[in-house]
Amino acid sequence: MGVVLIGPALLLLLLVFLWPMASYLWLSFHAQNLFTDLQPVPVGMLNWHRLVLDARFWQDAAQTLRFALVSVSLELGLGLAMALLLNQRWRGRGLVRSLTLLPWALPTTVMALGWRWIFNDPSGPINGVIAGLTGSTLPFLASPSLAWLAVVFADVWKTTPFVALLLLAGLQMIPADLYEALALEGGSARQALLRITLPLLRPYLLLVLLFRLAQALGVFDLIVVLTGGGPASSTESVAGYAYLNAMRFLDFGYSATVMIGMFGVLLLLGGVLLLVLRRPARA
Amino acid sequence: MPASPSAQPIASQRGQNPRRWTLVALLLFWSLAPMLWQLYTSLRTPDALLGGLAAIGRGWTLANYGQILSSDPPFWRYLLNSTLVGVGTTLLTLLLAIPCAYALQRRGGLQRQLVDGALLVAAAFPSVLLFLALLQLARQFGLANNLLALCLPYAGLSLPLAVLLLEAAFAELPRELEESALLEGFGLWQRLRWILVPLLGPAVASTAVLVFLFSWNEFPIALTWLSRSELLTLAPAMARIAGSSVFSVPYGAFAAATVLGSVPLLLLLLVFQRPIVAGLTQGAIKG
Amino acid sequence: MTVSSTISSTTTSAATALQLEGISRRIGARTILEDLDLTVSPGECLALLGPSGCGKSSTLRLISGLDSPDRGRILLGERDITALPPARRQVAMVFQSYALYPHLSVARNLSLGMEIRGVDAATIARDLDAVLELLQLGELRQRRPADLSGGQRQRVALARALLRRPQVFLLDEPMSNLDAQLREELRPQLRAILCGGGAPVVYVTHDQQEAMGIADRIAVLDAGRLQQCGTARELYHRPATLFVAQFIGRPQINVLQEPDGSLLAVRPEHLHAVREGGLQVRVVSREWQGASQQLQLDTARGPLRWVCDGGRSIGDAVRIAWEPQHEHRFAAGGRRLTA
């Protein structure tokens, strides 16, 4: 009976997750591009050598990592603050919780288009405010040093509600009597946060961190629509580069190599994080 | 154990708390202002938009909506396509995930822990990495430019989260309910149909909404599978609009598109907020 | 004519006995049941009594088929049902939690199972009305389980069991979710509804009073082993093991160490005061219980419990004794030694 119940789902899962990774691995040892008439030709380690020497790949990897670390840190910090605020009891909390969740439900591509207008130079509302204050405007999407911040900003805006929602779930699992016991002993709100809330929230923080980090490292839609990877590929992500290789340059072998490389980095990062963060949680 | 809603840090006492209301106001501004700005933009003529607050009394228009709804193909076409794919994906995912979650939950032990771990990894996996291989599949089996075929990879990508959420929900059901039905002579499908799935109502609803949300928002696969413009779903259509020069600054029509593209999901979320939160909460606990 | 037979003329009361032969069950290294033999006659109510974890609920699950034994056979009349799937055993179980389907009304809770089993609509309607009337649930038929009191839920669960027209009734602590007073009120009702029909009834409880009030015979289990099976009277007067002696009867039986290493047990209610001879004791504490009082005594042979009706006070020195026929003797291992 188990086979009938699990089988179909398992088959689809294998097809959608395992088969692609296996085919990439195979493809990364083949050239399949315009020079080979789009037929796979075995080339040994050629793609891998190219990857190691590809400055653009490493630049994209650094940019992607920077984006992921900065935006996920901000999301965790802001999300925790948001969750703490929403976990307190006050009138209208339910409605506010629903409203704050809305950005998360918006399609990334839709909102990215919106951000393009909000960050517009000189007519966007942010530059309207800046111009009112300083008399000049900032080229958010045209300057490499500002464009990646715009991307971070848009990502934080969209994803923080989701982080807050999961952390809120964690907060609601903490029994109220722990706080009452601490209060009876004369503990302060600060102590409550450090001694009770954060330690008990730890598994949730870890889960959210890993989940968000993996998603942020795969950032694609947001950048495609918001900056198109520009200016001068300063906001290009690894996923975007892999996409470019496959769909623009029609170099499937190399695109697969880039994706396997990224997957490797992802696994490594996830493993290290788990090792570092999991152990003290047992204490 | 679900804690009482009173679980909260001591700091929150009843009564007026100006600091808190400031924070709440800030939070609402942060969450809603960008969306309200889009709504505002979508209703303004280009001149009025550039005129700033001085021009607030005039220049309101629905022309932007008229423009995108009358373009070729009209914008509602994308919404329709996305809805079709979303509904198909949701149904297919539930059809596969419910029996799978049930069987996994009943299995227990180390085997299930391993499977759950793998599912968690798959759920966190950035799906953009899969587009190339999936595109090859689409070419091989002639699935490109077929909206219903898109449900297949979408369901596959939604399955890990859906199974995890439903598994957690199954675990919450008292075992005796099913055993009682078993003793009464219910077969497996009858137990699922009459007892288990109805009782999982909220979890099924929240899973369905999450899957629909994913499908509505998915971009890379839709981008590579669909090329005929009348078949585009919302996400690639937005990207195409963004990449085209049809709409010029200042964005009135863009904004109208973002508003139209958001409204269905916002409504869905507002209506199903409670089961979504409950479902995610349950899933998070088990995860 | 029993109550349950009024539900439907087609009740399958083929009057078959339930028999467990050498049933054993293990989970990993843990023994849940060891070599259990039991027979329940048609219409008889057997209580499975013991502390939590003794294997009484496991026994029910084995009879119902929800679990299967590692060794032994389960017989219904002549038929071996050990390997039969639960759906086909035609047993009805009342769970401790009642396991009513929370999303269905009372009437739906009762009729759904019959529908699934392919009973025709006319019979369903007739049986439903009959059972609702029998258990005084008529006015509650459209309510959801959440809107019922504990006693009402129990009645719905009983009704559902009756409609199964089972060959065996299984009840797993059906009273433990009710308050003490209601329990006493419901006992005779429960007995009238279930027992005395064609089907054997197995009733699991940890409450000896309940077992004595409802069951024809009681099987006492400890650590997966059957200690003794008999009427309440037999268990009280001739406990087969020290465990049974201590488990049956409140306050607990007194146990005295004998010089030869064996154990002598006398019930607190069988002690009486004597002028001379007997055992010199001092009253250490007392609990007044209305008709009687329970005293804690300090003696040279260790502490004793005594139930008496006199007006003793703390500190009193008394001599007590007991009749030889009230003595129970057990070997050091707990087995009964003499008649």
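Lettered A, B and C in written order, each chain numbered from 1.
As a working rule, contacts are C-beta pairs under 8 Å (C-beta built on N, C-alpha and C of every residue); 3 or more make two chains touch, one makes a residue touch a chain.
Values in this document were obtained by computation on a predicted structure and should not be read as measured data.
For the protein chains shown, what form does their contact graph take: line, ring, star, complete or other?
Drawn as a graph, the chains make an open path, so a line.
Count the C-beta pairs in contact for B-C and for A-B, then report the pair with the higher count.
Between the two chain pairs, A-B has more contacting C-beta pairs.
Report the inter-chain centroid distance for chain A and chain C in whole angstrom, where each centroid is the mean of the CA atoms.
Taking the mean C-alpha position of each chain, the two centres sit 60 Å apart.
Between chain B and chain C, tell me the centre distance in angstrom, where each centre is the average of that chain's C-alpha atoms.
A distance of 53 Å separates the two centres.
Taking each chain's centre as its mean C-alpha position, how far apart are chain A and chain B in Å?
Inter-chain centre distance comes to 16 Å.
If you look only at chain A, which of its residues touch chain B in the complex?
1-2, 4-6, 8-10, 12-13, 15-17, 19-21, 23-24, 82, 84-85, 87-90, 92, 96-103, 105-118, 120, 123, 125, 128, 157, 161, 165-166, 168-176, 179-180, 182-183, 187, 189, 192-193, 197, 204, 207, 210-211, 214-215, 217-218, 220-221, 224-225, 228, 239, 242-243, 246-247, 252, 255-256, 259, 262-263, 266
Which residues of chain C touch chain B once you look at their complex with the stated criterion?
64-66, 86-89, 91-93, 95-97, 99, 101-103, 112-113, 116-117, 160, 164
Considering only the defined contacts, which chain B positions touch chain A in the complex?
Residue list for chain B touching chain A: 1-12, 14, 17, 20, 23-24, 27-28, 30-32, 34-35, 37-38, 41, 49-50, 52, 96-97, 99-100, 102-104, 107, 122-137, 152-153, 155-157, 159-160, 163, 188, 213, 216-217, 219-220, 224, 234-236, 238-239, 241-243, 249-251, 254-255, 257-258, 261-262, 265-266, 268-270, 273, 277, 280-281, 284-285, 287.
If we count contacts the way the header does, which residues on chain B are in touch with chain C in the complex?
174, 176-177, 179-187, 190, 194-195, 198-199, 201
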